[in-house]
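Structures given as structure tokens follow.
Okay, so chain A shows up in both of these, paired with chain B first and chain C after.
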Partner chain A sequence: MPTADEILTKVRETLVDALGVDDDEITPEATLVGDLGAESIDFLDIVFRLEKNFSIKIPRGELFPESLAADQSLVKDGVVTPQGIAELRVKMPHADVEKFSKNPKVENIQELFTVQMIVNFLQNKLAGGAA
Partner chain B sequence: MRWFWIDRFVEFESGTRARAIKNVTLAEDHLHDHFPGYPVMPGSLIIEGMAQTGGILLAEMLNFENLVVMAKIPKVMFHGRACPGDSLFYDAKILDGREDGGIVECVASKGGVLLAEAEFVFACLPGSGSKTACQQNFLKTMQVLGLEEARRGPAET
Partner chain C sequence: MTKLEGKTALVTGGSRGIGRAIVQTLAQAGARVAFVYQSNSKAAEQLVAELAEKQLVVAAHQADVRNKEAADEIVRAVVESWGKLDILVNNAGIIRDTLLAMMTPEQWHEVIETNLTSVFNFCQAATRPMMSARYGRIVNMSSVASEFGNKGQTNYAASKGGIEGFTRCLAKELASRGVTVNAVAPGFIETDMTAAVRNAAESEIKKAIPARRLGKPDDIAQAVLFLAGEGASYITGQVLKVDGGLTLGGF
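Showing the complex of A and B:
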């Protein structure tokens, strides 16, 4: 079982390959979209590379849940509802939903996707959890 | 003009690698604009040919059951240029293939000299089944491109 630092090192290599960013830009707090310039199609690429580099299988939507903002029962007037936040906690236990819940605007959902979130996901996954 | 940027498959190992040939000819309209009096095959069309080679290799591995579309080009590098009279070979290799897409690397060469190299990420579109007219037409095109023949064994180049 690799340590968090070892996982972070491999995640860094993965993101350098997938996003073409410099190694030193990839801090644990960096957001994939805002800081590292990822676009939606990059998420697919990142998942492919993580699976290969860590020899694991990541079912579609497990690391990066899809269409969260499109579900109208979870979003009202551009803000994620308490029900939506509860849903996020279930779907993304690896993300910092607490921080997001303080300003749960739809456009802030992408801030959940950080380098640390990927590391958390992998730690849980490699420990045998469903992440 | 039809959007085929390979002429034929010359080697094809299912799920592993494929080699396609593209003969560049002055009959191609675009070469008279790129550039007037100095025809050079646009790099974007070499990329397209490499992507078609790799995309079909991946789609075949997945039995052409869904549409495979190029999603992203993480890396591409050119080392030379292609002109009328050149025969380009595109060698594609699957780095990672699975039911929802994959990563393919491809090298373009002419006369054994490296021309370009690229990596592609493909996504497989669910629900675009092999029964659609679009896919049926595509499969017929694969016969024209010699895929079956190349799959059976070495072809003359």
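Showing the complex of A and C:
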């Protein structure tokens, strides 16, 4: 079982390959979209490379849930409802939903996707748990 | 002549007509070429034998291109045998010409699925290996029919128009990954598909073509070869018409 540090190192390499960013831009708090400039095709690329580098399978939507913002029952007037936040906690145990819930605007959902989120996900996955 | 040495290619609808010429041309340019055919095993075997005699590497796969699992399996097999997939040519296509008022749902669906859904099937399967390699050349076969209004071709033109829109979108999605996606739109080409129309009206057709001749499958293969080459890396989302001037209109 790799340590958190070993996982972070490998995640860094993966993101450098996938996003073409510099090594030192990849801090645990860095957001994939805001800080590292990732767009939709990049998320696909990241999943492919993580699968390859960690020899695991990542089913669609497990690491990066899709259409979070599109679900009308979980969003009202551009803000994620308490029900929506509960959904997020269930769907993304690896993300810092606590932080997001302090300012749960839909446009901020992308900030959930950080480097640390990926590391948490992988730790969970490699330990044999369902992420 | 574009050199494709070291490259691997997959061509759908490769046993006859334009597809056959594409397989021959890419193989002669040095690529290892796999092709998909639906039912004409005799033609497929002849093509493999013909190219094997010239020491060219060609592999035939029988499948229905409308089938997603088959597409996934063939791409997987090519990547497993040859390590990568550089070039995908979505050429498989059929016509079922009839006035819309008389067209059966089967005639509509067959054309849309064979011509357009197959492009979805194979392009999706090819995305992962091409993205991972940061290199790909996808060429989809359209037709000047998508631009012209020909009576009897609502289904065919819909499928080809769809291919062109699809090509532009996919080009944008994959451009940052070194994958180009283009279409070739043939004009009037001498193949089995056009035999009936040619028998009925060949001299009329030639009068409408500035180049005063029908196209040959090789004319189309040459355009595909160009777009499939390494040098075409800054061309993407384009439709290249190869029609002897047919669509220029005017006088």
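Keep this in mind: the second predicted complex is superposed on the first by the 131 of 131 C-alpha atoms of A that agree within 3 Å, B and C clash if a C-alpha of one lies under 4 Å from a C-alpha of the other, contacts with A are read in each partner's own complex, and residues count from 1 in each chain.
Simple rule for what comes next: contacts are C-beta pairs under 8 Å (C-beta built on N, C-alpha and C of every residue); 3 or more make two chains touch, one makes a residue touch a chain.
Quick caveat: nothing in here was measured; it's all calculated off a predicted structure.
Per the definitions stated earlier, placing chain B and chain C onto a shared chain A by superposition produces a clash between them.
By the touch criterion stated above, A:60 is placed in contact with chain B alone, chain C being left untouched.
Once the two complexes are laid over each other on the shared chain, residue contacts for A:45 go to chain B and to chain C alike. Touching more residues of chain A than its counterpart among chain B and chain C is B. In the superposed model, A:127 makes contact with neither chain B nor chain C.
In the superposed model, A:1 makes contact with neither chain B nor chain C. By the touch criterion defined above, A:90 reaches neither chain B nor chain C. When both structures are laid over each other on chain A, chain B collides with chain C only at 26-34; the other stretches in 26-34, 98-106 or 188-196 stay clear.
The contact surfaces that chain B and chain C form on chain A in the two complexes overlap at residues 41, 44-45, 48-49, 52.
Across the interface of their complex, chain B is touched by residues 17-18, 20, 41-42, 44-45, 48-49, 51-52, 60 of chain A. Those residues of chain C that touch chain A in the complex are listed here as 127-128, 131-132, 173-174, 176-177. Chain B makes touch with chain A in their complex at residues 71-72, 74-75, 95-96, 98, 100-103, 121, 123. Per the touch definition, chain A reaches chain C in the complex via residues 41, 44-45, 48-49, 52.
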